[in-house]
Structure formats: C-alpha cells, structure tokens
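Here come two complexes built around chain A, the first alongside chain B, the second alongside chain C.
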Partner chain A sequence: MKAIRVFACVIIVAVCALSLAAGWLAPDGYARQFRETPGAPPSRAHLLGTDEVGRDRFARVLYGTRISLLLAPAAALISTALAALVGGLAGYLGGIWLKLARAFTDLFLSLPWLFLLITVRALLPLNVSPLASVLVTFLILGVLGWAASARVLSTSADALRNSDFVLQARASGLDGPRLFLIHVLPNLKPVLYAQFWISIPVFILSEANLGVLGLGVAEPLPSWGSLLRELEGLISFREEPWRLVPLLLLIVVMTSFQILLSNEEVTA
Partner chain B sequence: MIGRQSTSPSLVFLFRAKRGISFSSALRATTLLLCLAFVATTAIAQNGGDLRFCLRAEPKTFDPLLVDDDASLAVRYLTGGVLARINRQTQALEPELAESWKISADGKQISFKLRRGIHFSDGTPFTAEDVAFTMNRAMDPALHSSTGDSFRSGPGAIVTKVISPEQITIRFPAPVVGLDRMFDQVAIMSAHSGKKERAVLGPFVVAEYKAGSSLYLERNPNYWKKDSQGRRLPYLDSIHLDIQPNRDVEMLRFKRGELDLINTLDTDYFDRLGSASPQLVHDAGPSLDSDFVWFNQVATAPIPEYKRAWFRSTNFRRAMSAAINREDVARIVFNGHAQPAVGPISPSNKFWFNSNLKPIAYNIQAALELLKADGFHLQNGALLDKSNNPVEFSLATGAGSKPRERMAVLIQEDLGKIGVKVNIVTLDFPSLLERISQKFNYEAVILGFRNVDLDPNGQMNIWLSSAENHAWNPKQKAPETAWEAEIDKLMRAQASTSDPKKRKQSFDRVQQIIYEQAPFIYLVNNNALSAVSSSVAGATPGILFPQTYWNAERLTMNGTASARR
Partner chain C sequence: MLERIARHLASIVALVLLGGLLSATLVRLAPGFDSDAREMDPSLSAESIRAIRAEHASHHNILDFYSTYLFNAVHGDLGTSQALGQPVKDLLRDRLPVTVRVAGTGLLLGWLLASTLAFAACLWQKPASDLLGTVLSGVFLCIPAAVLALASVILNAPGYLAIALIVFPKIFGYSRNLLAKAYALPHILAARARGLGELRILARHVLPVAGPQLIALAGITISMALGAAIPVESLCGLPGIGQLAWQAALSRDLPLLVNLTMLVTVVTLLANSSADVMVHMLRPARA
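Moving on to the complex of A and B:
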C-alpha cells in the first residue's frame, strides 16, 4: 500500500514537473496555429498531432495541465478557508449559530451548482484577458465550492466543542477566540487537510465540466476541460487514439490523488 | 439499382436451367424471367418499403398552421398537401393541388384553379371550400399562426371567395410580396373532416405517434399524384421517424444501417463518414445559411465611448473584415465544405444573389490603410486609436457551437496580426441573447442566420432600422446613418411591388450597401451536407429544407433494406 502511494506521488510530481517545463518541451507554445496542418496525426514536429485549428496538441496538453493542476489547489485553498470560517466557527459556537450554518450549508448544497456557475460566469464582464478568465473561473469554483467541506468541518468542530479537553480549557478560564485558535483549530487540522486534498480533484473535474460546456478557460489558453472537448463526436477511439491523451492524463492524475488520500485522511 | 437487385436471382435461376434443359425451354424460361423481373421492378417501385431517419426533437404540433419548429416542419412537409410547391432543386414554383393561379396587378389578390377528383386521406373530397377554410383559419389573429403571419402585409382581414368547387379567389388587404411562393408553406386542411389535421392531402399520413420516441407515417391511400407511367405515388410504404436529439447516436445508427438518411451533417461527421464510405455522403454546395461577426453600435450600450466610435466607423469595420482570412475559415473550420461569404444572400439563391459582389479578399495591408485613415496606428505591435487607446475587444459567441468557437479562434489570430487584441467569450445561449437583444452589454458577436426562405422579403425584420433584429443597432426611431436610411427605403420599395425585376434591383443595391458598410462581417456560407444510405434509391440531396427527402414521394428502398427490417 505504501509503495503504491509513493508511485502515485511520483506520478503527480512528474506530471507537475512536465507541465512546468512546457516552455522548454514545447517551444512553439499553445496558441500558434499551424494552419496548413489542422487535425494532423502525431509526427516528429507534433508529438500528439495538431488540434482542429492546427495548434500543437502536445504543447496544449502540457500548458493545460499546468493551468488545471496549479489553479485547482488554489481554488481548493479558498474553499477550505471559507469552509473553516463558516463550518469551523459555527461548530465551535454551537447552538443557533450551528443550526443557522447547517441550514445555510444545506441550502447551498441543494443548489444546482452547474447552473449557479454558468449564471455567475454570465454575469461577469466580457472583456477580460484569457489569463484573467482562468483566475476568475477558479476563483468562482473556490468561492462556490465550500459548502460540502463546511458541513464536515461543522460536525467535527461541534464534537470538539463538547470534548473533555475543551471543557477543561474552558473551566480553566480560556474562552473566545483564544480557545478556538489554541485548542479547536489545531485539532481540526487533519479534517482541513483532508478537505483540501479532496477538493483538488473535485475542482479539476468541475473546470473540466465547465470546459466541456465551453464555459471554462477562455481561448486560446488550454485547460483539461477545453482539451476534453475534442473528444466530442469521437465515435471510434481507434480512429485517432492520440486524442485520448488528455483524458488518460486526467484519469491517471485523479487516480493518483485518490490513492494518496488514504482512508484515515478522508474520514479524519 | 432496383433492376440490379431484382434481376440477380433470375440470372442464377437461368444459369441452373441451362445445364439440364433444352435451348428452346431455356429461351422460354428467359422470356418468362425477364417478364417476372419487369413485374418485380414495378412491384418494388410500387411497394418501396420503409424509410427510416431521425427527427432531432419532438414535433411541437401536428397542426400545419401552427408549425414553428424543424420537427413539425418535417412532418408537415411529408403529410401536408399544398397548392403550389417550390421545387427544391430548380427553386421554381410548381403547381400541386392548384392547376394554375393568377395574381392581380395590384398584388392583393390571387385566384386558384384547383385539380378535380382529389380526396383527403380519410376520403373527404377536396374543394375550394377547404382552401377558404385553411386561409381564414391561418389569418385568424386568435390562432397566432406563423404561417398566416407571413401573409400579413397590412391591417384588415382577408376575403375568400369560393367561385366553384374548383375555383377560389383570395383577396388581401394590402399587396403581398412573393404571394404565390408563400403557398408552399400552407398545407390545406379539410373544412368538413372530423379528423381535423389528421386528414391530409400529402403523400403520407401519421399512423402512430409515441411521444418522445417515434413517429410512424404510412402511405396516404388517397394521394392524388401519379408518376409518368401512371403508377400511384408515393412508392414508399411507410416512413419511420425516430426522435433522437443526440447526433452521435444518430451517426452510429446510420453507420449500423439502422437509419437510411441524415438530413444535415456536421463537417466532422461528414468527413469521417465520407472517408469510410464516400458514396453515402452528399455535399450539395453552399447552403442559404451564413455566419458573421458584428459590432455593437447601439448608442445607449454600456461600452466605452471610444469603442463605440470604432464600431461606428465604416473604415474600422471594413478593416476588420479585410483582416479575416475567410479562405482559412472555410478550409480549417469546415474542412473545405464552405465558401467565403459575400453578403446576406448565398450564391445558391440563384435569383436574389447579387453576382457583381465578390468575397472580400484577405489583405492585411489594405486593413492597415483603412485604419490609418481613421487615425489608428501601430506601436510595438499593438494597434492604438488616435487617443492612444489600445484596440482590444471581446468577441462573444454561444457555448456549444464548435464551428463558431473555432472561427473565433482563427479571427483572434488574424486580427492579432494587425495589432488587435481579441478576447473570446463563450456564453450560454440565453445569456448571450439577453446581452445582444436587451441589455446591449457586449462588444462584438459571432453568430449566424439559418435561412429557410429564398425571398429577401423575409429579412425585413433584419434590415429595417426600426426592426428588432437589426442586430448591430436595433429599434431605431429614425435611421441613424444615411446608408441605413437608404436600406430602409430600398427594402420598402421591394416590398411594395410585385415586379420581380424591380424587386431584384432594389435588393441588389441593399446587398451592395451591406457589402460596403459591413454592419455584418460575413464569413462563410457552409455547405449543405447530408448522408443517404445506398438502400435508398432516387435521393438527390439539395440545399433547401428538407435536403434529403424533398422528393419523398419518389424515394424507394431496395430489397436489402426491406429484408433488413
């Protein structure tokens, strides 16, 4: 079990390293259009062929991986911080605050998140650069994706509030923010970590979902979502198997993340 | 193809006969078999089997006067009988239920002489009263019939006068442009049948409808038309229409032989299918559809004033037009199954296309010259206006349309060569529609028109400056530019006369103005692509709806297809 986790870790590190070396490995970049060879099969010049408008697919996969893998953790950080604020604090305060927070979280979880994302995306200004669109997309994902984690954190914080050591600390005169920061928050750390790691693949998939709908990262920037759109209409995998590379990469990375997250971490 | 299929078994039998029977017997057998083959051929033509294809949505109505969607349109085309029909190949109007007709000099009245001895599918006789009933119903404001709306040229009611069972006169309150051609869309309903819209005059009748699943049409036993050899049409026994919105599934089923045709194909599917079976795919040439870009010129739009000034400049729009490589768009986005567009009318529209206009050539130098005339200049590779604002705008399109997204990517790179920064935005369609038609909160848009009407009069709601669909600057109280005022005048002029030459002259000038002013920057006319199985005989796909089955009454299925089912 340990070996497989090391292997998963190596895969994630390798994929991250490759994506960071995109500028060196694919000097033509992700946006250059080789208009004479659109939809070309793999060759020495284009290791994974070219896409429908003649852009080097290998470069786009590397740059897309960089975007999806680097920004998903950022979004996960935002959502975990929000979850800690709402769920952790409500659990610690208990009573009406906990009930209110749970009601609000349940309401938030019951919203159709995809439509929520589409609506929020449609309300944003149109004239933003592709880079800004990436940041905005992941920011939206982070801001809207806190509810499930908050639910878990509120339960954990509630349990901590009633634990013996918190009662003892309270009996010793410790109360308010100090009690929360010194005794509750450090004990919430394992849950926070778990929620952070669980959120990363969720956000990668969410961005991929948005990208498949054409509502993710703006052209010409690639992301896994926009790369997966190429699979639309692919009836036979045998025809152009190299088009499956982004999908395989997504599966491999997601699986590696799942292996890394052991049961104890997930249920901590 | 029918002959080949039916004679093959005969030849096998003949070969066997020759081995053991005398020459004269063999000769008699040959004669007999040739006769049988002829009879078999005739029988196949008479009993043409079951044609199967997909509708991409549920038909919203079976009432022919309330048709507003593609699926209902398909059902109406296959079941409805009309007084005159536009031939989908020649684009000429041909008599159907009406033997002849005459339009009055003032363009307000049309008189039809109807064919005798025709019956609806339920046996009810067809007379002038049915035509009167249909037209009165279509024009009833309470019905909200879009078919009727196209005849509404002025206030007031129509007057129908039944002169005899075979003669009728219909008078409209104001002249109706292209009056006779509009009857292609009017499926005649029975005034007396209890079956209402289920009593039809077309080649097929709706026999079974399973909501959300399929529609089964059977041959109309009372269909009036016969072929040149006196055989009653249609040849097909039935048509099975499966309701299937997913194009991948449609394609897979076609490849498996479960479907006989695909009416409209995307370029990717066309090429993929064509590479394996080139005989199954058909490229009928440029369709009537077009894709184009336009800039927001609305005076009250929430965009910076300097950008509005760019978008309102003819030189700016023409420069953007010249900097777009349309050849590349046609070649890359549509794999060559498209032509650079000239204007609102496709070259396939034989009568109305202004053939003096040529596609705008890709010319970066010319684009920069035009921009220079307006004070734009390049600085470190970026284009700046006379106030040194960098030229940057968003180009929005609907999410999910791959061709348009690809066009946007090519345009982004093309305009980048003249220093223009384009930010591509894909929005869900309702949001996009809200922005372009209500809030006007956008800068540039790439969209397209799906034209079904050959006559430009149907485009009045686009070209009049007061129109809601005058996309770049709609609902103007008075034309804001001289060229828009001229278009208004010309469009009204063409609508006020029934003389085709005068109308053509006016609309040619409209096309010329649009070409010069570039309120819409036309990109390409994509080709009409379809697929027809080799089991279908007699199909000649065209550009007009319904591309593959416009002659459904003359289509037949070969023996293999019949056996398959």
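Moving on to the complex of A and C:
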C-alpha cells in the first residue's frame, strides 16, 4: 500500500512539474491560433492536434492543468481558513455560538453543492475578463466550500474545549484568544491538514463541472473544465480519441488524490 | 415523536427563512440588480423608463425587498422569470415531474447497484467480491458529473443512468463501511458460530444495527441526486428543474434561480428530517 501511495504522489508531482514547464514544452502558448490547421489530428507540430479554432491542444492541456492544479489548493486554503475561523472558534466558544455555527453550516450543507455554486456564480457578472473569471471561479469554490470542514472542526474544537490540558490552562489564568491560539489551534492542525487535502479533489471536480456547464473559466484561458467542454461535440469515443486526454489526465490525478487521501480521511 | 416532528419543522422554517434572507441579500447586492433590459427598448417613453426605475428603487431596502418576496410567496406568487417571461410557479409545475422521474429512477438504480455490491462485499468477505465495488466506485468518484452526463449522451444511454453512476460511489462507500462495521460486531461472530444462515444474520442482526444510518444516508442521497440533475438534465436535454437552474444561471435570471435554490433546500431539509424521524421511530422497536 505504501508503494502505491508513493506512486500516486510521484504522479501528482510529475503532472504539476509538467504543467509548470508549459512555457518551455509548448512555447506557442495556449491562445495562439494556427488558422490554417483548425481541428487537426495529432502531428509532430501539435502532439494532441488542434481544437476547432486552431489552438494547440497539448499547450492548452498543460496550461489548463497548471490553472486547475494551482488554484484548487488556493481555494482549499481559503475554505480551510474559513472553516477554522467559523468551526474552530464556535467549537472553542461553545454554547450559543456553537449552536449558531452548526445551524449556519447545516443551512450550507442542506443545499446541493452544484445548485449553490451556479447560483452564486450567476449572481456575479458572467462577462468578465478571463483572468477575473479564473479568480471568481476558484474564490467562489473557496468561499462556499467551508461548511463540511467547519462541521468537523467545530466537533474537534468542542472536544478540545473540554479536554484536561485546556481546563488546566484556564485554571492557570490563560483565556480568550491567547488560549485559542496557543493550545486549541495547534491541536486542530491534523484536522486542518486533512480538511485541506480532502478539499482539493472536490474543488478540481467542481471546477470541471462548472467549466463543462459554461460557468467556469472564460475563454481563451484553459482549465480542465473548459477543456472537457470540447467533449460536447464528440459523436463517439472512438472518434478523435486524443480529445479524451484532458479527461484521462483528470482521472489519473483524481485517482492519485483518492489513493493519497484514503488514509487522511480515516485519520480525520 | 410529535415533539420531534414539530422541532424539525420549526428548524426547516427557520433555516428556509434564513436562507431566503441570505438569497435576497445576495440578489439585492448582485452587480446589475438595478439595470433592466427594458430600459434599452427605444419604443418606451421617458415616462415608462422612469416607472421601471421607480419599480427598482422600491426594492433598494433589503428587508423591504425580502418581506415583499415573502408576502408574495405566501400568496402563491413566486415572481416571473426574467429570461423566460413566465411565472416561476408555472415553470416549477411543468419541470418538477421530469426531475422527480429522472432523479428518482437514477437514485433507485444507484442504491440498487451500490447496496448489492456492498452486501456482496460484506457477505462473502473475500477480496475479489470487494474489489469490483471498490474499483467501480473509485473510477466514478474521479469523473466529473458533467462528463458522466456527456458520456450518457454519446453512448445514447438514458439520463437516469448517469445520475445512478454519480450517486453510486458515495452510497457504496458509506454503506459498505456501515455494513462492514456491523458484520465485525462480536454477536455476529457468535451467530455464525451457532450456525445461523447468512440471510437470517443479515435480516435479524446486521440490518437493525446498520439500518438507521442507512436511512440517514438515503436522506442525504436525495440532495446528491438533485445536484446531479443539473449537469445531467442540462447536457442530456431533459426539461427538468436542473436544466431550468442551468438556463437561469446562464441568463442571470436571479428570481428564478433563487426560487429553485429555495425549493431544493426545502426538499433536502424535508428528506433529511424524514430520515431522522424514521430512524427515531425504528429505535423503540429495536429496544
């Protein structure tokens, strides 16, 4: 099992490294159009062919991977920080604060995730610049994805609030933010790490879903979601199988995350 | 029991009111709330445009805006869709049966597949019997719901099959773990040692232990199926509320979108509360 986990880790690192080397591996960039060869099959010049408007698909896959794989952890960081703030503090304070926080998280969790995402995405302007659309998409994921983690953190913080060492710290005169920062927060670290890692594949999949539905990253910037949108025109899976490369890459990375996280989830 | 049901209903009402206030606030603060496409119509007189602006100005106060919405909703008026120009109530009445049919069938199929594989894995307790379910759920967990919907279009498969495959991994994962925990209890081992048949063990000793949590899981999966309905109905061309939500999002039809979100929230909360009440009802019978 350890060997499989190491292998999964190597795959994620390799995919990240490839995407970071996109500028070197695909110097033409993701937006340059080869107008004389739109929809071309794979060749030496274009390893995965070109899309309908003549852009190099290999370059778009590399740059899209970079966007999805770098911004999903950023969104996970935002959601974990919010979860620590809401869930951690509510659990530490207990009483009415804990009840209020749980009611609020229940409200968030009772909404189907995709409904919530498309509603909030639609509240913001849809015709924004490509860069703004990337930031808006992942910011929404980060801001809305905190509830499940907050629930877990509030339970952990609630248990810590009543633990012996916190009681002793209180008896020694420590209280308020100092007690939370010195004794409670460091002991929540393993849960925080687990929630951070669990959120990453969730956000990758959510961005992919939003992208396919046309509510994600705007053209010409690529992401796994916008690249998967190309599958909409397929008539059969045998026709132009190279168009399936972004999907295969996504499945490989997601499987690697699942293998890595199987243990994290248990410990969480 | 009645007290429990009343508590759940009160909690649903409170959560829906809070959710409605949040939605109304978001809609009110959304960029472009004040603008109206009708203002671009050259055939409208200056007076008509002033009237449209005055109508928007009356909604500037969030609490006024929300209380008007609530008052109208209680009287059966959920507003009019900006993009489709139809009353939201009529749209929901037309689209809801499609979603109930597609999501319901998909959910049933997902449960059937997942519980069969989970029971097989726990009953035979051999790595091979667990492998099929684990690999299948692992694969479908890694594929975005929208891609499964696209695959069903390409393969000419029905939309409910895509919903079944979207909910399958979660149901399989949870139910297998619940059943595995129940099967690992010492009294199951004692029952086996006494020569009780597997079906009898399942019905008399495993299901009473795992049953309540499986019912709770059933409540949660309704929310999952409704979420899955968005990509499936949108990409498979099924005219349900999932497709309606997608169309509303693309055209920024905020009143319609907020009503749909509220409706789905109510359904989800009702499903979770019903599951909780059922679990509570089962407990005394077990004792």
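Just so we're on the same page, the second predicted complex is superposed on the first by the 255 of 268 C-alpha atoms of A that agree within 3 Å, B and C clash if a C-alpha of one lies under 4 Å from a C-alpha of the other, contacts with A are read in each partner's own complex, and residues count from 1 in each chain.
One rule holds in what follows: contacts are C-beta pairs under 8 Å (C-beta built on N, C-alpha and C of every residue); 3 or more make two chains touch, one makes a residue touch a chain.
A quick note: this is a predicted structure, and the numbers were derived from the prediction, not measured.
In this overlay on chain A, chain B clashes with chain C. Of the two partner chains placed around the shared chain by superposition, neither chain B nor chain C is touched by A:Gly95. Judged by the touch definition given at the top, the superposed model places A:Leu250 against chain C, while chain B stays out of reach.
Contacts of A:Val53 after superposition on the shared chain: chain B is touched, whereas chain C is not. In the overlay built on the shared chain, the residue A:Glu232 is in contact with chain B and with chain C.
Within the superposed three-chain model, A:Ile118 lies in touch with chain B and with chain C [touch as defined at top]. Of the two partners chain B and chain C, more chain A residues are in touch with C. Of the two partner chains placed by superposition, only chain B is touched by A:Glu219; chain C is not.
Looking at the shared chain after the overlay, A:Gly173 reaches neither chain B nor chain C. Clashing C-alpha atoms between chain B and chain C turn up only in stretch 421-429, chosen from 187-195, 205-213 or 421-429, once the structures are aligned on chain A. The contact surfaces that chain B and chain C form on chain A in the two complexes overlap at residues 118, 121-122, 126, 213-215, 232, 235. Within the complex formed with chain C, the residues of chain A that make contact are 103-104, 106-107, 110-116, 118-126, 205, 208-209, 212-215, 225, 228, 231-232, 234-237, 247, 250-251, 254-255, 258. Touching chain B in their complex are the following residues of chain A: 31, 33, 35, 38, 52-54, 118, 121-122, 126-130, 133, 213-215, 218-220, 229, 232-233, 235, 239. Every residue of chain B that touches chain A in the complex is listed here, in rising order: 247-248, 251-252, 255, 266, 268-269, 272, 328, 332-333, 392-394, 396, 399-400, 402, 405-406, 408-410, 412-413, 423-428, 431, 435, 441-443. Listing the residues of chain C that touch chain A in their complex gives 11, 14-15, 18-19, 22-23, 26-27, 30-32, 138-139, 141-147, 150, 154-155, 223-224, 226-228, 230-231, 234-235, 245-246, 248-250, 252-254, 257-258, 260-261, 264-265, 268-269, 272.
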